[in-house]
Amino acid sequence: MDLLQVVVSGLLLGGVYALFAAGLNMIFGVMRLINLAHGELMMIGAYLTFALYAAWNVNPLLATPIAAVLLFGLGLLLQQFLVERVVGQPLLSSLLLTFGLSTLLQGIALNRFTANFRSIPYLSGSVDLFGLNISRSRLVAFAIALLVSGATYAFLRVSRFGKAIRATSQQADVAQVCGINVQQVRLITFGLGAGLASIAGSLVAMIFSIYPEMGTMFIGKAFAIIVLGGLGSFVGAFAGALGLGVAETLAAYWIDTQIAQGVSYAVLVTVLVLRPSGLFGIRE
Amino acid sequence: MSGSNAGDVFRLSSTPAPMPQGGVIETPLPERESDAPFGTPQQASKPLPAWEHRLGWAYTVVLAVVTIGLIILPSRANDYSVSLTLTVLLTICMASSWNLISGFTGYVSFGHAGFFGIGAYTGALLIYYDVVHWALAMLLAGLMTTAIALVIGYPTLRLRGPYFAITMLGLTELARIIVTSWESLTFGGRGVYLPILYERSEWLTNYYAMLILTVTVVLLSYAVGTSRFGLRLFSIRDDEGAAQAMGIDTTRHKLAAFALSSFFPGVAGAIYARHTGYIDPLAFFAVIWSIRAIATSILGGQGTILGPIIGAVVLTLVSEQVWALDPNAYQMIFGGLIVLVVLFMPGGLIALLQRLAWLPRSRRL
Amino acid sequence: MSSTVSSAPILVIANVSKRFGGLQALTDVSLTIKPGQITGVIGPNGSGKSTLFNTVTGIVQTDSGHIRFRDVEISHAAPDHINRLGIGRTFQLTRLFGQMTAFENLVVVGRGSRAEARERAEQLLDLVSLRHLQDEYAANLSYGQQKLVEFIRLMMTDPSLVMLDEPFAGVNPTMERRLLEQIERWLENGMTVVVTDHEMKIMMDICHELVVLDYGEVIAHGEPSAVRADPRVMEAYFGR
């Protein structure tokens, strides 16, 4: 029964990873750039949730959407004034710009919140589910992640704007010729990506402890998820995220937590070296 | 991305570091190339404008003078200034060698942190277990990273653009985790303590080792930048498909550039490990080492020979001012600086100086 | 230019097929290219001309079939290897190295010693009267000048077979004449040329043989006059 419990726990964690990776994946699809500051957007979302809870005792489940809206706004600003300027430029420009942003945001968080670990003591304890002992916070986090991922997926499939995002991902120049305002698409996509990262951050704050450099760890996981699940494939990435969650938890269970941190990088490197186009094929 | 440890390399004293390239900037170059792109048929007899030849001379003279200056520096300056100059030299080594693969071929490598860390551990452990003389340990550290680059370069250099970048990022993290986990050899997260070098003469060997490494990488950059090998690397950056269709074995060229490039962070890591006397995986495998190399190159001008050198000196000086102003704001300002350079100076200082006509437009810079 | 040279074929394409996803780009294509003459490949857009060029030059791997260049199998060789065997090509949209000067664009692909490459580059630039622009960055050259530089860059690699992908698209009549002069010179030096273009008049004039592709299949192959009269060709071009 122990093993099953580990697997379920990993699956629940994977849901949160999926949420984080989805935004990064969307941004890459639409703009062909890697947002190295994505982990820091998550970190800020986490700290906003923490701050609302610590200062005004706002329920974390209520603070989560508040932080997400704020991060959506921050995402719009970052895209409008900074990231938009390196779209279509050599890869190095966007890598360096977003890394600079990541360093900047980490610096701000270090100054404001110090390097101490913080956590939100909410939904502690565990529940008994079909004979398994499941952490309550993980269960709730997974439910929220599933809900938000589902809503995002529906938005991309059904809504007009969602279709515009997908069209731009597939062929930006054609989308533009067809009358899609690709600049607006990029703006909203970055905002959405930031919002999703923020929600993931809020959930992480409920499950683990948070610290200014937490983003570094998560962006590595997100890369692994994206190459595992296939670029631009929302469902594939979700499956990849669950898989990574399980693999990490198993590695931690069987070997140790240090090795578990390496799982995502090992997956990333192995997949790219063996299948340069990604496990499920990357259109390029 | 980890930004910890951002301070200790760029933190400087108030002693201004020497400007190794200063002489070149001030060298009067009367026959500047015309800025007008068209309709200026020149005499078609000379393949190289006259100042190009003089540029080679200028390089030789300036490099010789600066090197001699740096050799006698320790006899005139205090320990702190020497240590400071050592970090400037380290930055030049990292940036110039990064430039060899990424500036020339356009393949953005985040692997320098990994090579630096592996070199540091190789050198430190060889010294710790007293396997070989320290100088040989440093050479072996460089050969180790070169060998690793050859092994990982073959599969990874087939990956285009973003995939190569994130693979190198992932490999660096993987290397850190392996070093941390392999406690029987590396002492894991506790790190490795090396014997403290009390004697100044002993301590100065690190400075001179770094100086030799720097001169080597600068000479190598010049050799590559002015050779047909270097041109072929440029052609990969401009259009790899066309380069291949024109008969250039791009895989072999990328691999060669990657191997050359990886030697220097390996040796530099070993020297720096011996210099600081203590290493641990978090500090020596931090992504910031790659970023510093990249930011320095961009600030100076990537794909140029002088750029990384100018960038190293300027960035170090600016960092010192910032650190003196407010250590807590250091990381924020470093991040903000990178953003500003990308947005407003994509060609780097070299391009800026060329626009201002203080430097000639030449591939040989 | 109407005489035909008959000797062993320099390039043999046998039963080559290539599929991209759901699109059958080439279906069982077989043809032979005779040395020392110009073969034109024509066909409507999407008929597989570019894919054919890309398979011969190694940029695209074939699914099945053989390609032999002077009796050497090249269907699975890398592009640089194929180029070194003696097949050179240009691209539909010129692909010079933009951040390198015209001179550097030539020297970089040159064979032999550095001095030899430089000398050769100077000669070639003189040949097309572009010597005065040798230190100009390729990206700053006009489109026609870029075409010319791409043509002479090709010569730096000493090819015996040259494949030109729509060389006349978007160039003015003067430039067209200069490009044709080059092609004529190559033929005089015994080189073989394969060219594709939509300029039907030029193709009819200069080509010794024409190959017509439609939907990835060879539907006609012969002298221009014969091809022009072929009802299947008429149908492919005008029939729907």
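The chains carry the letters A, B and C, assigned in the order they are written, with residues numbered from 1 in each.
Everything below uses one rule, namely that a contact is a pair of C-beta atoms (placed from the backbone, for glycine too) under 8 Å apart; a residue touches a chain by one contact, two chains touch by 3 or more.
Because the structure is a prediction, the values reported are computed rather than measured.
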item	value
Remotest chain, subunit C as reference, centres from CA atoms	A
Chain whose averaged C-alpha position falls nearest the assembly-wide average	B
Mean-CA-position distance for subunit B and subunit A (Å)	33
Geometric centre distance via CA averages, subunit C-subunit B, whole Å	42
Subunit A-subunit C separation of Cα centroids, rounded to whole Å	48
In the complex with subunit C, residue positions of subunit B that touch it	33, 37-38, 40-42, 44, 47, 49, 228, 231-232, 234-235, 237-239, 241-250, 363
Parts of subunit B lying in touch with subunit A, wherever the complex brings them together	1-4, 6, 102, 106, 108, 155-156, 158-163, 165-167, 169-171, 173-174, 177-178, 180-181, 287, 291, 294-295, 298, 302, 328-339, 341-343, 346
Residues of subunit C touching subunit B in the complex	57, 59, 78-81, 83-84, 88-89, 91, 95-101, 103-104, 107-111, 114, 117-118, 122, 126, 131-137, 140, 153-154, 156-157
Sites on subunit A touched by subunit B in the complex	28, 32-34, 36, 39, 82, 85-86, 89-93, 95-97, 99-108, 110-111, 213, 215-216, 219-220, 223-224, 227, 256, 258-259, 261-262, 264-266, 268-269, 272-273, 276, 284
